[in-house]
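Please see the structure below; I have some questions.
Going by the order they are written in, the chains are A, B, C and D; count residues from 1 in each one.
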Amino acid sequence: MSKVEDLTTQQIAEQASAAMHSTDQCSQAMGMQIVAVGPGCANVEMAVREDFVNGQGYCHGGIITCLADTAFAHACNSYNRRTVAQGLSIEFVGSAILDDRLTAVASEQSRGRQTGVYQVLVYKACGKLIALLTGKSFERGGTLTAEI
Amino acid sequence: MSKVEDLTTQQIAEQASAAMHSTDQCSQAMGMQIVAVGPGCANVEMAVREDFVNGQGYCHGGIITCLADTAFAHACNSYNRRTVAQGLSIEFVGSAILDDRLTAVASEQSRGRQTGVYQVLVYKACGKLIALLTGKSFERGGTLTAEI
Amino acid sequence: MSKVEDLTTQQIAEQASAAMHSTDQCSQAMGMQIVAVGPGCANVEMAVREDFVNGQGYCHGGIITCLADTAFAHACNSYNRRTVAQGLSIEFVGSAILDDRLTAVASEQSRGRQTGVYQVLVYKACGKLIALLTGKSFERGGTLTAEI
Amino acid sequence: MSKVEDLTTQQIAEQASAAMHSTDQCSQAMGMQIVAVGPGCANVEMAVREDFVNGQGYCHGGIITCLADTAFAHACNSYNRRTVAQGLSIEFVGSAILDDRLTAVASEQSRGRQTGVYQVLVYKACGKLIALLTGKSFERGGTLTAEI
């Protein structure tokens, strides 16, 4: 079995992400796809389903936050160090409706010893930006994949 | 049929909330219950299901945000004026696991002509606070229930 | 000299606050007064001076943030454990002009082992709320007053 | 006198910024310099003075917020439409001390009919990022420079 020292940072990001997604029942149930990950970054997609729509006909802000938060989680766990969200802020600048395909792109803005800051941009398929999330991470210790 | 002038602010809040919830497929699909509403406030409950749990064994931050966001929506729409979330920030200060019953209590902090600020506190059944959300609302015009 | 064990939590808060303010050149230069402190809470006042006014005739949002941030700092350092701000979000819901007297009231919402969440409300003398800040603290270790 | 139609967007940004800075007593008193502006962006510098230092020896978080907020204001007013901050969130990821020279770079992330979202990064002279601000703007109507 490969040792973590033999892996590139890209390979570590991919294995950590795969380990995280395989047990993430929530993201799976919502139909999210982890399109790509790398050190400090992640790209996650999801289609707006009927049960994601709120009483005003638009995709629920909380659902958009779920998608963005998942991209944030994959980005901040991409070093295979178990990391959680301390908090986040999100601004909604557009809206999505049934069947829209959403893409959340997370990128690292800053990473210190225990804490990090990540930005996630959420787009519709047409390229229209609908939300910007800033997430603050906290490293709790431990790894996601013991075997690498 | 009753006219809106004849209703108390409490009745308006309840009718606006009922109208919103009846068409909110997302909150229904997630099993949320609107426990109580009033002018500028709302109390919403939800149990943590298997499909709400993330890869680290805890209820997904995005799911907690969905619950808090729904309480915020019921509070800021309680005057029967169609109002949307402009943005929110949430701090996670505790965690929830499978079968935990969560309560989100939203209360108005400020309300201007078009914008408002709401705080939502999310508790576990034991009373432990797990998240604090600050939401900013924007009134778009129109009502939720035409008939009142 | 008194030992920390002999002091009430109220006395500890007052001594930590006094130690902090005595060396805080910024708050002093801005004319802030620490009106009251207690465990997890603080009340700080300041008048709007000519050099606090921005190009649109209103007290600069950053200056209001300075005042609120100082109240937050006194509240989160009130246990005599050196604590810093990790981040904050502030919503501006009113405005202040020259000579307005502002009061910032900070209160603890949550406090864990290393991190805490505080809310600060900023009022004008008439009682009108003009800003709400949510601050996240991080305990770095060490104390503010060695002698207690 | 030149008409606004004859000006490039870059010239409009420069004139709006100059008009705003000329009356902004706060930014002037703090020694801020507007290094550059353009449509939706701004670069503002400031040195950390003795009266900006807090009781723990570091530049006050509120002061860093003032600087970042000023860069945000110049960016969101760069279309010569009077625009105010609705709210902001800032994460502190590093620290600054006496005599550090700080640079705040604001860039537009999204701009709708009335609201916009801006990100401001604050760096030290060495290039170390110390804070990230997300600001939400609201267009109130009117212009900054009547004569263009």
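Methods note: a residue touches a chain if its C-beta (ideal position, glycine included) is under 8 Å from a C-beta of that chain, and two chains touch if they have at least 3 such contacts.
Predicted, not measured: the structure shown is a model, and the values here were computed from it.
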{"item": "Chain whose Cα centroid lies at the greatest distance from that of chain D", "value": "B"}
{"item": "A-B or B-C, whichever has more C-beta pairs in contact", "value": "A-B"}
{"item": "Gap in Å, rounded to a whole number, between the CA centres of chain D and chain B", "value": "34"}
{"item": "For chain B paired with chain C, centre-to-centre distance based on mean C-alpha positions, whole Å", "value": "30"}
{"item": "Computed distance of Cα centres, chain B from chain A, in Å", "value": "24"}
{"item": "Of all residues in chain A, the ones touching two or more other chains", "value": "86-87, 89, 91, 115, 136"}
{"item": "Residues on chain D engaged by chain B in the complex (per definition of touch)", "value": "86-87, 89, 115, 136, 138"}
{"item": "Sites on chain A touched by chain D in the complex", "value": "89, 91, 93-94, 109-110, 112, 115, 117, 119, 121, 129, 132, 134, 136"}
{"item": "Footprint of chain B on chain A - complex, ascending", "value": "19-29, 50-56, 60-63, 65-70, 73, 82, 84-92, 144"}
